[in-house]
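What follows is a set of structures to go through.
Presented sequentially are two complexes of subunit A, the first with subunit B as partner and the second with subunit C.
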Partner chain A sequence: MRIGIPRALYYYRYFPFWQSFFEDLGCQVVVSDKTTRNTMDVGVSLTVDGLCLPVKVYVGHVSELIDKDIDYLFVPRIISTAKREYICPKFMGLPDIVKNSIKNCPPILAPVVDGRVSSLNIMKAYVKLGMRFAPLPQASFAYLKSVKKQHQYETAAREKNLNNPKNIVFDYLTIGILGHEYLINDDYINMGTMRWLKAANCRIVTMEELTESTINRHVGKLKLKRMFWTSGKRLLGAFHHFRGRVDGIISIAAFSCGTDSLTMDLVERYSCRYHVPHFQLSLDEHTGEAGVITRLEAFLELLIRRKKLEADHAAYG
Partner chain B sequence: MQRRQVYLGVDVGSVSTNLVLIDYSTCQVVKKIYLRTQGRPIEVLQLGMEQLAASGNWQILGVGTTGSARQLAGVMLGADVVKNEITAHAIAAAHEEDNVGTIIEIGGQDSKIIILRDMVVSDFAMNTVCAAGTGSFLDQQASRLNISIADFGDIALQSKNPVRIAGRCTVFAESDMIHKQQLGHSLPDILAGLCSAMVRNYLNNVGKGKEIKAKVIFQGGVAANKGMRRALKEALNLDIYVPKHFDVMGALGAALLAKEHIDTKAVTRFHGFKMINSAFSNESWECKDCPNHCEVVNIIRDGEIIASWGSRCGKYSVNKVKTLNLAIL
Partner chain C sequence: MKLTMPHMGNCYIAAEALFNEMGHEVIVPPLSSKKTLDLGTKYSPETACLPLKLNVGNFLEAIEMGAEIIIMIGGRGPCRLGYYAAVEQEILRDLGIQIDFIILEHPRDNFHKLQKQLRILIAKKGIKGLINGLRLAWEKLGAIEELERTSHVVRPREIHQGETSELLKKLLLQLRMTNTIAEIRKIRRLGLSKMQSLAVNREIQPLKIGIVGEIYTILESFANLNLEERLGDLKVEVTRTVNLVDWIKEHLILSSIGLYSNKHLLEKAAGYLHSFVGGHGLESVARTVMLAEADYHGVIHILPFTCMPEIIVQGALLRVSSDYKIPVITLVVDEHTGEMGFQTRLEAFVELIARRLEAEKHAEKTSLSRC
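Right after this comes the complex of A and B.
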């Protein structure tokens, strides 16, 4: 069996898990290629106008996957990944969005991932899905093994953690990046922002490098109504972890992202309160690369001059 | 005759191309040239250099470029510093005025706000993809009303009772203006109303959430418009300072950055005035090697490709123009 997984959205978070799960069940995992102009053009033309750019790109990836001769398309219906939390409502409707945007859509595997009440429900959904390809014991075993794989992957991503002293080089600028995984890891969507920052010798830290408990600790201290969006909670937690540890913070958000419109505004307010240099980049399908580079350049310039000034003051203080 | 030692700053923007020469020791502006880009940056830059060469005997110690065509100008001239507009404008304002708190810059296609604290940039914002509320819209409206853009401000100042015009989007603003004009409102009132609408739009979009503190510097081509100055003053309830060289601040900043760079380092990479006589051309083509179909641009001098950009993978980059110099850390 060939299972198609689009290289978009939560691919950038859960792929190790998905890959391990399907391969353990004896399936072959087929992933779409990296996002290109074609992916975006196709995605934009197939979807309705009101969707955000990453979802449009997701549909573009699905359309490219269909040409790869797949038996099933894997589009999970993710509702909640943690207790009493939700993720963006568009993920809930993803299988329906795909079904209605794409003609000749292959059969969709859409487990309902809803851990709002208990993470056991997530396990149940995956085991039920696994039983389409293998008997119950093998499906359960594949699930448990894949959870472990995912855990190993996340630990490895944290190895370069901000707190690790051997990674800190004082000559360079350290930039904290706030944004969804599917924006900061997709070079086409973010218009090469990360590539550009690396070429400018910046040290980049992202929220993928933080543990769940670090994030919860920071968010727990806030005098706010509980942030029930998992992504929003992670962004706010990462912001409070970064401030004081990095030279500046860059937020990357898709123009029409619903959850970010609230969390990024909070981030902006906190940056003012704590005097953290912060800069927000809005991504949309028609923004030219030149405009992005001009703004990034100016922001780095600001950080460099500020750092230089602080160094001078320290020398006299 | 003794050759005068100067630094050259060039700002090639979407609407205007400015060249500024500053004295090597006093940093005072000794020559400035303001030209309309008219969509032909290469020719206009050559024309500007020609005018510069004819205006005196200059020894150029260093060159800085800025503006949206800074890369292009950089390779054509052999620039020592290629810097973004925000930094250039901030440097120039801090040089021209004391205790700057906020810089408001409205140019032809873009507008920005730069917040300085202790004379260092602490925050900035630039208009997004939409060019509403910038100089080119004022230009359009002036020509629609058949008045010269130079008279715009003076006429607006005669207004006693500015009309209210929708400012969120310039398309709406235009239909609102036509509506008001057909109702019989006077021209000065309409122009003054337009100025306040533009200022409102600027403060709500670009200046959103920014703390605008004195001293406020207003620069960029639009700062020439007295109507805009008055509207800004009324909206902010603060005094507005327009620096002497408000129209060429970007170029002035680039020249100052070139001086800063040369002072710490080596000699200039300036190609010399001979570039006036070179034949420059550009060609663009779509690369079909991968599905991205990048539009690659080649800049050609006398039949030789001197620079190339536009490809995401960077495989055609002949002269990789360094966009950022982190060595100053």
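Right after this comes the complex of A and C.
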């Protein structure tokens, strides 16, 4: 069995889990290629124009996968990954979006990932899915093993950060990045922002490097209504972890992303209150790379000046 | 304590009655207007949806009139409405406005907090005031929605254009002024018969169009640029598939005791949407299918720009439209929606349906003559 997984959206978060799960069941995992101009164009042409860019790109990836001779397409319906929280309505309707935008779509595997009440429901959904390819014991075993793999992957991602050089030299900037993992890690969607920042010798910290407990600790301190979007909660938690620890924060959001329209606004307000340099990049299919780079350069210049000024004051102080 | 609340259609009449009966002074913000929208747009997040912007505008205008406490509803996701109140608090805070919010959350989410808030609200007249207020508000809401429903039927048939809207306005004003249940019922009864006895042309067979979509933009006539009136003037009989009475019954009363099920909607929407997606997403798809099955001539789908659930619906409706052969138009509204463009699109849509019907009739005739 060849299972197609589009290289978009939560591929960037759960791929180790999905890969291990399907391979343990004896399936072959086929991933679409990296996002290109063509992927985006195809995605944009197939979907309704109000959708956010990452979902359009997702549909583009799906249409590229169809040509790769796959038996099934894996599009999970992710409702919630944590108790009393949601992801985003578009993830809840993702299989339907795909089916409604693509004609002659291969059969879709769409487990309903709903951990609102208990994470046992997530396990149930995956085991049920696994039982299409293997008997019950093997499916449950594959699930448990994949959860462990995912955990190992996440720990490794965090440790990568700990090994980063800690002796920060002068005008070596540390920049916190806020944004969904599918924007940060997709080099084409974010117009090479991350690549550019690394080339400019910035030390980058992202949300992925924070543990769940760190985020919950910071969010718990806020005098704000409980955030019911997991991604929004992570953004706010990460912001409060970053401030004071980094020189500046860059947030990357997709235009017309519903959850970000509110959470990024909150981030903007907090960064004014706490005097954190904050730069917001809004991405859509019309974003031009040159404009992005110019604005990034200006922001870095500003951070460097600020840092120098602070260093001078300290010297005189 | 002067209370205020955001607008949504005509339900301020019911909300005002509720809080008045509980012994509070209510400041109803001026009906949403261009000024409200400008104020709201200025201070709200740029890509937030239209209702949030209008809410902020309403609040600012009400504060100017002396409001001291804002009543707002909460929610628990995944639609943005659930987080409106939190963001609105931050917006007003950053503007330097000190004002208290009472955010009414779903009873199943935080019962303790709801109890505490209710205790503040009923401090003046006790439980009795609350019950009286709820009964009065419920009665008013029922009357408002029935009058509106009737106006949708009468308006396309009226001989003197504008008569129905005028009468409706007058009746709503009367409803707002009364505060006994007996009188509300009387106005409802008399109003209905008055509306039905307006001069109408009985020969007109208006087109029947259903409206589906996001609840705020359907109910708030400023947000939808008076969609229902415009359609009525184009000789279209409108059916609103969303109304507050049913919404409260289903989503507040039944769902808080765990009896609400959306199984019938899932069955209708099968093939196009297979899950709840927040807001009225599932309802929109299921209701469009129902309208198609009930031989409606067309469906209008209305949503605020960037509305998350309804965008998913938009894609699904494209397929419903071609499968059931029913014309569907999606209207996206935000602060940039222009009146002329909106009217043109409506006229074109209605014209298209009318021609289609004529062509169908013609085809029928020719096939009959051949027999």
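Methods note: the second predicted complex is superposed on the first by the 305 of 317 C-alpha atoms of A that agree within 3 Å, B and C clash if a C-alpha of one lies under 4 Å from a C-alpha of the other, contacts with A are read in each partner's own complex, and residues count from 1 in each chain.
The rule is short, and it goes like this: a contact is a pair of C-beta atoms (placed from the backbone, for glycine too) under 8 Å apart; a residue touches a chain by one contact, two chains touch by 3 or more.
Fair warning: this is a prediction, and the values are worked out from it, not measured in the lab.
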item: Fit or clash between subunit C and subunit B when superposed on subunit A; value: fit
item: First, second, both or neither for A:Ile97, with subunit B first and subunit C second; value: second
item: First, second, both or neither for A:Gly192, with subunit B first and subunit C second; value: first
item: First, second, both or neither for A:Ala156, with subunit B first and subunit C second; value: neither
item: A:Met1 touches, of subunit B and subunit C: first, second, both or neither?; value: neither
item: Three-chain overlay, closest Cα atoms of subunit B and subunit C, distance in Å; value: 6
item: Contact residues common to both interfaces of subunit A (with subunit B and with subunit C); value: 272
item: Parts of subunit A lying in touch with subunit C, wherever the complex brings them together; value: 47-48, 50-51, 77, 79, 84-90, 92-93, 95-97, 100-101, 110, 112, 224-225, 227-229, 232, 255-259, 261-262, 264-266, 269, 272
item: Residues of subunit B that touch subunit A when the two form their complex; value: 68, 83-87, 118, 120-124, 126, 128-129, 209, 290-293, 312, 323-324, 326, 328-329
item: Subunit B-facing residues of subunit A, complex; value: 36-39, 171-173, 187-188, 192, 200-201, 268, 272, 277, 282, 284, 286-288, 290-291, 293-295, 297-302, 304-309
item: Interfacial residue positions of subunit C with respect to subunit A in the complex; value: 45-49, 74, 76-80, 82-83, 85-87, 90, 94, 103, 272-279, 281, 305-309, 311-312, 314-316, 318-319, 330, 332
